[in-house]
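Note that the chains take the letters A, B, C and D in the order they are written out, and that residue 1 is the start of every chain.
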Amino acid sequence: MDVGFLGLGRMGRAMAAQLVAAGHNVRVWNRSPDPARQVAGATPVASAAEAFRGDAAITMLADDAALRSVIVEGGLLDAPERPAVHVSMSTISVALAQELAPIHARAGVTYVGAPVFGRPDAAEKGALNIVAAGDDRAISTVQPLLDAMGVKTWRFGEEPHRANAVKLAGNFMLMSAIEAMGEACALVEGHGVKGADLLDLLTNTLFASPVYKGYGALIAEKRYEPPGFTMRLGAKDIRLALAAAEAVGVPLGFGSVLRDNFIDALSHGDGDKDFAALASVAARRSGQG
Amino acid sequence: MDVGFLGLGRMGRAMAAQLVAAGHNVRVWNRSPDPARQVAGATPVASAAEAFRGDAAITMLADDAALRSVIVEGGLLDAPERPAVHVSMSTISVALAQELAPIHARAGVTYVGAPVFGRPDAAEKGALNIVAAGDDRAISTVQPLLDAMGVKTWRFGEEPHRANAVKLAGNFMLMSAIEAMGEACALVEGHGVKGADLLDLLTNTLFASPVYKGYGALIAEKRYEPPGFTMRLGAKDIRLALAAAEAVGVPLGFGSVLRDNFIDALSHGDGDKDFAALASVAARRSGQG
Amino acid sequence: MDVGFLGLGRMGRAMAAQLVAAGHNVRVWNRSPDPARQVAGATPVASAAEAFRGDAAITMLADDAALRSVIVEGGLLDAPERPAVHVSMSTISVALAQELAPIHARAGVTYVGAPVFGRPDAAEKGALNIVAAGDDRAISTVQPLLDAMGVKTWRFGEEPHRANAVKLAGNFMLMSAIEAMGEACALVEGHGVKGADLLDLLTNTLFASPVYKGYGALIAEKRYEPPGFTMRLGAKDIRLALAAAEAVGVPLGFGSVLRDNFIDALSHGDGDKDFAALASVAARRSGQG
Amino acid sequence: MDVGFLGLGRMGRAMAAQLVAAGHNVRVWNRSPDPARQVAGATPVASAAEAFRGDAAITMLADDAALRSVIVEGGLLDAPERPAVHVSMSTISVALAQELAPIHARAGVTYVGAPVFGRPDAAEKGALNIVAAGDDRAISTVQPLLDAMGVKTWRFGEEPHRANAVKLAGNFMLMSAIEAMGEACALVEGHGVKGADLLDLLTNTLFASPVYKGYGALIAEKRYEPPGFTMRLGAKDIRLALAAAEAVGVPLGFGSVLRDNFIDALSHGDGDKDFAALASVAARRSGQG
């Protein structure tokens, strides 16, 4: 297929490379066109408009502001050439997805929401879990692309923003797991048990899952640098989850605690540490750290 | 070995049966001596004192009050015959464990804390995870008994109460997982996504662990009866976890939310439902239920 | 003085009437120019631009969106005639105040933040407490206007947004007082004491202040209709307070509980009730209501 | 009247002195009989039993443990001489009051719950607010004593424990006011406004009440030593309030935040500071302190 890919951060580069490997014709664009942001076998283009056309355009831009700026304020929906389908894969707000779907429809572009679960190492192996929602036929059309990037596509119906709600709910559960481990470690450390020993037990039995094992190891070793995904980005995601919940009248008790603790962490200079550093707030409040 | 077993609830019966199956000589006692509370191949005894002797006595009594009443107020530590080791396996407070260890020592009985992770079906297969702390030699002595009941024994040092701290921390993490699923489901349901579909995705990928799969299935189907472990017992456990944390100066933000939500659930008549019904609080607060 | 007044809701009308009564020459404007929105003795003008000129223009527009739409998007800062001072008196976000001050400066208009404490009955008596921040000379110039509307002006320095931070902090304390009364009443009602009796004691002794007496009476009688200030507006204000706090790295534990409870109340259909209905959340969660 | 007074802390001494001043015949007793614990004009007695007799005995003992130890474990209810009425005036748990009332009845002593609002300076002027519950006739009998110590007696029916529920609810509201001031100050300090200036405004207008003025002044000056009432005692009171609420199925959202923050404060070495130091937790979490 003829594909444009916009947004070449670490995740984006890995995903675009999988498309190339699967034999697709890929045009790539990034706001800052530095050489590091290249993908072997893909065609760099100079403008977002040159990427936003063809059978499908995929966006993996940083956040709401970046996506809005490139697509809407950049006028891409009024450009002479436009893609048949826009597959929007970064983590954005439910509200922005709800706003983008109809303006795409008016421009004759089908908007598909398709955020992903997985860190860069999963992206590099084409092993992401993709959460897709939007027009069923459009998703089927781009399915070969999704198959190149992901191990499985999970469909959530015809309204694109639902995929974003699912993605935010998943991230919320992930942060809740980190916080729970942080508090549990503070509790046992107070009684003379190493947090690492507690996590060794639990992440090999009841909680033997990728999230607990992965973040559990970081927390056990207090290994918060270099960051895989930063606290600052985590703070953004909890804000998006709370907003998505508030929009439909759902109070999130855990969400509120998470938000307070992210703010606490950022106020103590942990913004650029790994997400797992959330666990250090419980220790600090206990006077342990 | 010659073993006494006190406390024949559903967990206790299953555990005692494993001891019999492993060839040990088992005397069993339960406060209410009804026939349902029997264990094939074990010798029923009429008094707690007759069970509390031999190579080891194991207690699987309901809670702090029951354990204190039978052992301390029942005068078993002053009885003429006493066991070499008391293996205390039910979920009790850290404070009670700290109180019991020295008074056992004065009576010449070695007190070992050994609470377990696992529901009755795991107990019936001898597949519990056992968290043991106490005198190393004593634990080694009773290791054959632990091996009959559990798939693995995790040791946490020489101070018995540490095992209880670990057990409470594990239960706290389990409740946190249930609450997080409940809030995440309320969020996506508000956006038209079935909670069951969200959990199908997450518990088969990032959260593919026994706890999330097991409780996730109950939450997805809102199957809160019959209870495996009741909300009322969950409420007790979060109280014990908060007390254990407070004793060592640890505030638990998630723990406080859990406590409030357990109280909310009990005030809405859910005390006898399964533990997983904690997830229904988030739905109710959102006006969804 | 020659004054324009924009925004004739219940508060705005009362404040403009005080300016007329004090002998000022007042032009009034409201988006919907219905006759009910008139002020005896003031000159109605047909456009916002005709009001936004003279010695000073005062805005009492509903919220961030209304203020931004009329002043910024309405192009008033580029209009040929502009006021010397813009006194911005409604409750808006700290972020918007920070954005407006410099663009006013570039247009040669001095921007003063001057939100108020007081309900409509206080406005009708010119008895508001006014929180002013901005250029000292400009505030002194408009002081006769503030004196006509308020019983006292409290100055908070030269940066206009500080007045908004103070206003939001005050509203946050007010909501906290309501929530505390709601929880305290639920506690004693559970023990057979009428909430009204508890509040009678406390609001006549330790808490003998206008806020506790006023809201205490509403809570004691569960008199939540008609609303003075609605729950929906309260929900907006707690959101502004949390955003203002997050912007400077301050977690608000009480603020998070308030936010969750406002969402809970709105999800239970209480959006158009009086602010004091926040107290009913604690009762409902306790199964009392 | 012939009165025994047990418990001569700072509050107790002041209250007993008021009884002497009003012409009553007062026997006083304190566990540690040091000379500082004397009351001019009162008769020191050597044992609790000598004080616990006469027309009425008043207890102002430190906490649940002290009251239980002196009255119940000390066997005073089985002593040959017993008072007609026991007026229990310290802050104790609702549960203990519920336990003491019937065992007093069996001993022929009428138990009246009568905790007080007011700091030592109010006690020294006989200006306490007294919250009384219990047998109506018994309260009327001791009313002259209450009138000597308090400015007003507020009656809450015939069940003594209700007075304790009211006292704990009042203390909960007081702590909530301190916490709200702490968070509000952190918010405005982040925007460059002095907390003292915010509190000057609010405690002279909307919140012009003794509690806000008194604690507001301490918070404004960060004057947390010497303590009037310590953080450690505050932590005890929030625990009692949460327990009283849980017993009747009431979740306290603010109460949980308060509990977490008290634990945080104690873990940071503030246990012996004044109660008002609760406000410093919000500042510390914001990285301000």
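The rule is simple: a contact is a pair of C-beta atoms (placed from the backbone, for glycine too) under 8 Å apart; a residue touches a chain by one contact, two chains touch by 3 or more.
By chain, with names taken from UniProt: A, B, C, D = 2-hydroxy-3-oxopropionate reductase.
None of these values were measured; they are calculated from a predicted model.
Shared contact partners of chain A and chain B, listed by label, are C, D. Centroid distances built from C-alpha atoms place C farthest away from chain B. Of the two chain pairs considered here, C-D and A-C, the higher C-beta contact count falls to C-D. Chain centres here are Cα averages; for chain A and chain C they lie 38 Å apart.
Between chain A and chain D the centroid-to-centroid distance comes to 53 Å (mean Cα coordinates, whole Å).
Centre-to-centre separation between chain C and chain D, using Cα means, comes to 37 Å. Multi-chain contact residues of chain A, defined as those touching 2 or more other chains: 245, 249-253, 257, 260-261, 263-264, 267, 285-287. Those residues of chain B lying in contact with chain C across their complex are 260, 263-264, 267-269, 285-287.
Residues 245-246, 249-253, 256-257, 259-261, 263-264, 266-267 of chain A are the ones touching chain C in the complex.
For chain C in complex with chain D, the touching residues are 94, 117, 129, 131, 152, 154, 156-157, 159, 161-162, 165-166, 168-170, 172-174, 176-177, 179-181, 183-188, 190-193, 197-198, 201-202, 205-212, 241, 244-245, 247-257, 260-261, 282, 285-288.
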